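Look at the two complexes coming up: chain A is in both, with chain B in one and chain C in the other.
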Partner chain A sequence: MSADTAPILEVRDLRVAFDAPEGLVSPVDRVSFSLQAGKTIGLVGESGCGKSMTALAIMGLLPRPSGRVAGGEILFRGQDLCRRSDREMQKIRGNRIAMVFQEPMTSLNPVLSVGEQIAEAVRVHQRVGKRDAINQAVDLMALVGIPAPRDRARDYPHQFSGGMRQRVMIAIALACRPDILIADEPTTALDVTIQAQIMDLLMRLREERQMAMILITHDLGVLAEAVEHVCVMYAGRIVESAPVDKLLNDPRHPYTQRLLAAIPRGRRSGRASRLQEIPGSIPPLWDLPGGCRFCPRLEGRRDLCRAEQPPRREVGPGHFVACWAACSDALALAGTAS
Partner chain B sequence: MTAAAQGETPDILLDVQGLTKHFGTPNGFGRTPQVVRAVDGVSFTLRRGETLGLVGESGCGKSTTARLLLRLEEPTAGTISFDGQDVLSQSPRQMRQMRRRMQIVFQDPLASLDPRMSVAETLTEVFAIHKIGSGRERRDKVAALLEKVGLRPDYAARFPHEMSGGQRQRVGIARALALSPDLIIADEPVSALDVSIQAQIINLFQDLQAELALSYIFVSHDLSVVEHISDRVAVMYLGQVVELGPTETLYENPLHPYTAALLSAVPNFSRTRRRERLLLKGDLPSPVSPPSGCRFHPRCPRAEAICSAVKPEWRSVQPDHSVACHFPLGAGTASRS
Partner chain C sequence: MIKAISLRLLSAVGLLWGVVTLSFILIHFAPGDPISSLVGENGGASPEFVARLRAQYGLDQPIISQYGIYLGHLLRGDLGYSIRFQTPVWDLFRERLPATLLLLVTSIVVFSIFGMIAGVYSATRAGSLGDSAIRILSVLAFSLPVFWFAQLLIALFSVKLHLFPVFGMHSLFVRPGLWNSVRDVAWHVVLPAIALGAWHMAVTQRFVRTSLIQVLHEDYIRTAMAKGVSRRAILMHHAMRNALLPVVTITGISFGTMLTGATLTEIVFGWPGLGRLILDGVLGRDRPLIIGLLLISALLTIVVDALTDVIHGLLDPRIRAGRHR
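Here is the complex of A and B:
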C-alpha cells in the first residue's frame, strides 16, 4: 500500500445494527479496511460472519427499517456514504459502485427479456434512447461472453443456464462502468467448471476496465487465485487481514490457522488423513461472548481474552491481527498470562 | 467391468449394472412429452468396507443414482445386487428388511428431519417402524446413538430448529445408523455446512467407518472432499460414469478429458499452478437430448470425428482404472495422429 495514493474506498470502524426478535444485534462490528483503485480485496468467513452485511452497508442496501449503519464511516473518494441521502446514493449505486449477487435467478426479473433488463440499467444512469440502450446491452452481453448476444437479448432469464445468468448479472453491474465492483459469492451457486469460467471473466474484466473489486466468499481457494489482500471475518469482526500469500502461508490468528487446516486438500498434499476440526460452533449474534469472540472455541483461553476485545496489531507489512496471543508483550504488560 | 476380470474376486457388497432412470417430462400446454435420461447405464461395484465417491456437476445424475440404489426411485432398467441379493426383485416387505442394512444421509437435514419431532422422537420412530425393542430399550438405544455421533444426551429433547446445521446433520447420521446398516449412501452430506463444521462431519464419517466397518457411497460435487474421503472415485457426466479408479491414481493421472477439466477447475491454494487451468467451453447439455456418441464431445478439447459418431466403450486402462473415452489422456495417447 503506497502512501501517495489515497484509497478509493475506506471503511472505518463500521458498525451495522439490526433489530432482531432477540434484541439489538450487530452483524458487523468495528470493521475497517481500505481498497485502492484498481485493486482487489477479499472478504472471507463462514456464514453469519458479517461479510455480506458489510457489502450491503457499502451499497446502502441494508434492509430497512430493521437494519442500519450504527457507527463508523464508509468513505468513497473521501466522502462519507453513510451521510448521503437516498437520492444521492442511488446515483452512486450502479454508477460508481456496482454489485453482483450470489443467486442470479432471484435478482433478475422473470417477465422482462434479458436485453431489456440490461438496457434498463443503462438508462437509469445515462441519458440515452431506448434503441441506444439496447445496442449497449448487446455490446455488454458480448463483453461478458454470451454467444449470439443479439438473439439472446430477446430471451428471458429462465432460458439461460446458471452460468449465463451470472454473466447477465455481471453485464448489468458493468453497464455504467463502475469504479468498484462488489461480488458477493458470485460463483457459489455454480458448478466448478462454470465457476472457473466466471472467475476468469471477472479477472479479465477487472484488468480491462481497471475496476477495484471486493470479492466476498466463503471459499479461500477462490480468493487465493483472485485477490491481492484478504480480510478474514469471524462473528462480525475482522480477525486478520493480510496480503493473500502471507495469509495462506503464515496465518497468525488462531481462527485463520484452523480454518485453513479444516479444508480438505486431498491425499496428494501429503497431510494427515484426519481434518483438523474447530470444536464448537459459531456463536449466534444475540449471544456473543465478551472479549475475543473466537476464543471460547479454543483451549487455554486467558483472562484477558475473555475480558477485552483484542486490538488490531500490525505483525508484518500490511498484515494485521486482532488476537491477544499475537501480541504477547501486551499480555505481559497486563500481567494476566496464565 | 467385471470383478472376475481382475483375477481375485474382491468382497463385493454392492454390484450395480446398467442402472438407468428415464423421467418423463410433463406434457400439456401443447408440449410433446420428452424423456429425461437422468441416469443412463451406470455400472460400478462397491467393496465391503470401502468408500466410493460419486462426483459430477449438477444434473449429472449422481443424486438420482443414490436414490435408485435404495429404490427411493424405481429404475427404468438395470440390476442392483446387494450382498448377493437382487434388490429390484424384493417385495415391499422384503425391501423394508433390506433397508435396515442400507441407509441414506441427505444434504439438508432441516428438510429431511420432521420439524415437529424432537431428536428422541425422530430416532425412536426408526425403531417403531421396524418394531425393534421395548420403550425402555429404545430410549437406551437413542442415548447410545447420540453418544456415537457426538451429541450430548440433552440433545434428545431438542427440535431441529434448536440446533445448528452441523448438529442437525449429526442427527441425520444417527438416524441412518440406528438400524446398524452395512451400507450408508451419503448424498452431499456436508455441502450445506461451513468449512469448520464440514471438517467435524467428515471426521465423524471416517471414525464411524473405522468403528462399525461401514461401506459408503459418498455423493458430492466437491472434488476436494471426495478426494479426502474416498478409496475409489467414479466421475459422472450427463447420466453416465465416464471414469472410475482409485482416488490417488484418478486425481494424479486422470484419463478422461472431463475429469482433467473438472480437476483443473478446482481453485488451488498454490497460486503458481493457476495458469494451467483448462477452461471448458459452454454449459452442460440437456439430458433430454444428450449429444450423440460421447456425450462430452461438444465441450471436449480432444474431440475428433469419431467422438460424435460412436459411443466410447468402457475399458480398463490399468487394472482397476477404467474410462469411457476414444482418446484417453496419459501414456496410451502417443499413437494418436
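Here is the complex of A and C:
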C-alpha cells in the first residue's frame, strides 16, 4: 500500500458497550469504515442508531464509566487510538482530531468568554503566550465569519445566537489545524435559514484547510454536494456503504431505499411532495432481533433474514451492502453474467 | 445599577423597620417585664419604687408613644439603654460584636474551604471508599446538636488531652506583643470554630459533591475534553466555577443557622460575644437589648445576602449582565 492511499483513519469492527439498566448494550456493533486524508465521508441514519457514539469512540470521549470500546480498533495514521493512554489521547484530541457537537446551545462554558474558550484550544497544544493565543482566537473568529471579532471575543456564550455559537465551536475545532474534523449533526439544532450557512462554512473551510471530515447527519439531502462516500447506519450497524452518487442513485439496502424515499421530493427535484414515513421504529438496544436488525420493519422478509446476520458483500466498486436480499440479487446478477 | 442598589437599600431599611416593629409588639405582649425581673432578682422592692423605675425607663407610657420614642432614638443612631446591664446597648455591642464576628468568619471561611475540598474529592471519586467515609462523617456532622458536640470537644481535647483551652478567648497571662496575643486568640478559637463549623462543612461538602457531579456531565465539559484540556484543568477552570454557584447560595442561607449556632457555641465555650447577651436579654425581658440584637442579626443577614449576590455576579456573567439592565 503506498503512502498516499493509506487511509488516515480506519475503523475496524468497532464495538461500543454500555452498562445500561437493562444490561450490557452495544449502541455501535462491528462498525468499519475508512477515511482518506482530505476526503469526507458521511455517516447517516435515524436518531439513536449510534452515529454520535461512533464519533465519541474515535475521540476517546465515551461517557465514563458506563461506556467503553469493547472491541475492534480505531487506527489513526496506522496506530490504534484505543490503546493510547489518557495523556496521549489528550495530545491528539483537539489537535489532530477535532469535533463539532450536535448541541451548540450547551456546548460552550457559560462562565468563560468566547475568546478565552477559543484561545484555550490554541494554548493547550501550542507554546504561545496569552496575548498571541487571544490574537489567534480573534483571527479564528474572523475566519468562521463572526462580525467584529475583536469585540465579540470578550462576550459570553449567552450573548450569541445558536448559529453564532456553532461558528464558535467550529473555530475551537479548527484552532490547531486538525487532520480530521468530526462534525456531528452540526446544523440539526439550528434554524433552517442558518443551516445552509453553517454547512457552506464547513465546506469552505474543509477545502481551504484540506481536512478530512466525518460528517454525521440524518439528512440525506445535504450529502450529494458535501461528501464523497456515505455509510448508512441502522441500530448500531453499517448496513450500506457506497460512493455518494452510487448510494443516492442505486441504493441496494431496503433501509437506504426507505431513507431516500423519506426525503421530500421537493428537496431533490423541485416538486413538493408528501414525506414518506418508514413504518415501524428502531428496536431498543436491549431487545435486538436475531438475524438482520432491520428485518422486522420489512414486509417481504424470509427465514434467512430472521435467522442470521447478513454478511457485508461488495456489490460494486466500493459499494458494500449487508442484506440478504441485496446479496442474493447480487449473486443472481453474478450468476447471469458468468 | 444605581437603581438596583437604591432599591436594595430601600428594601433593607423596610426590613429593619419591620424587625423593630414586630419585635416591639411581640415583647410587649410576652409575659413578664424588665422591671419585675430586675426587682425580683434583687429581692423585691416597694410598689412606689417599682413605679418610679417604670417611669424612669418610660415604661409607664402608652405602647404607641414608647414605640415612637424608640424609633426616634433609633433614627439618631441611639440603640437605647440596657435595663439589665445598666449600660447603653451600643457599648455592649461594641465590646462583644468583634468576638462574635471573629468566631463566625473564621468558622465559615475555614470550613467552607474544607467542605469544598471534601466535596471535590468525593465528587471526583464518587462511589469510592473515601466518598462513603466522607458521606458518613457528613451525616454525623449534620445531625449532631451544636451544644452537645461542643461539650464533646471540650471533654476530649481540653479536659482529657489538654490540647486546647476550656474556656474564653484569652489566656490570663499572655506574653506581651501583638503576635503573641494573636496566637493566643487563634489557639482559643479552634474548638469553638470546629463546633460551629462542622455542620457548615457537612452542608458545603454535600452541595459541592452534588453540584460538581452534575456540572461534570454538562456538554461544555465534553467540549473542553474534546479540546484536549487535562482533567485537572477541566476541574479547576471549567467545572468548579460553575459548580460553586449553588454552593454560594447555600452558604448565604446557612449563615442564618450559623448565627443561631454561634449563640449556643458562645454560651458553651464562654466566648465573650453576643451569644451570652441574647440569653440574658431574653431572660431579663430587656427590650432595647433584644431589639438591638435582632437588628444586628438582620443587618448581618442583609450584608451576607448582598455579598452572596456580589460573588454570584463575579462568578457568572449572565447574572452580571442582568444587573446592568
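Here, the second predicted complex is superposed on the first by the 312 of 338 C-alpha atoms of A that agree within 3 Å, B and C clash if a C-alpha of one lies under 4 Å from a C-alpha of the other, contacts with A are read in each partner's own complex, and residues count from 1 in each chain.
Going forward, a residue touches a chain if its C-beta (ideal position, glycine included) is under 8 Å from a C-beta of that chain, and two chains touch if they have at least 3 such contacts.
A quick note: this is a predicted structure, and the numbers were derived from the prediction, not measured.
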- Superposed model, chain A: greater residue contact from chain B or chain C: B
- Name the contact category of A:Met99: first (chain B only), second (chain C only), both, or neither. second
- Task: Name the contact category of A:Ser161: first (chain B only), second (chain C only), both, or neither.
- Result: first
- Partner chain in contact with A:Lys91 - chain B first, chain C second, else both or neither: second
- Query: Which holds for A:His125: it touches chain B only (first), chain C only (second), both, or neither?
  - Reply: second
- Name the contact category of A:Met169: first (chain B only), second (chain C only), both, or neither. second
- In the overlay, answer first, second, both or neither for which of chain B and chain C A:Asn109 touches. second
- Per the touch rule, the chain B residues reaching chain A in their complex are 57-58, 164, 166-167, 194-200, 202-203, 206, 221, 223-225, 227-229, 247-248, 251-252, 261-262, 264-271, 274, 277, 279-280, 283-284
- Item | Parts of chain A lying in touch with chain C, wherever the complex brings them together | 59, 61, 86, 90-95, 98-99, 101, 103, 106-113, 120-121, 124-125, 156, 158-159, 169, 172-173, 175
- In their shared complex, chain A is touched by residues of chain C numbered 218-220, 222-231, 237-238, 241-242, 315-318, 321
- Message: Residue numbers of chain A touching chain B in their complex, please.
- Response: 46-47, 161, 163-164, 191-197, 199-200, 218-222, 224-225, 244-245, 248, 258-259, 262-268, 273-279, 281-282
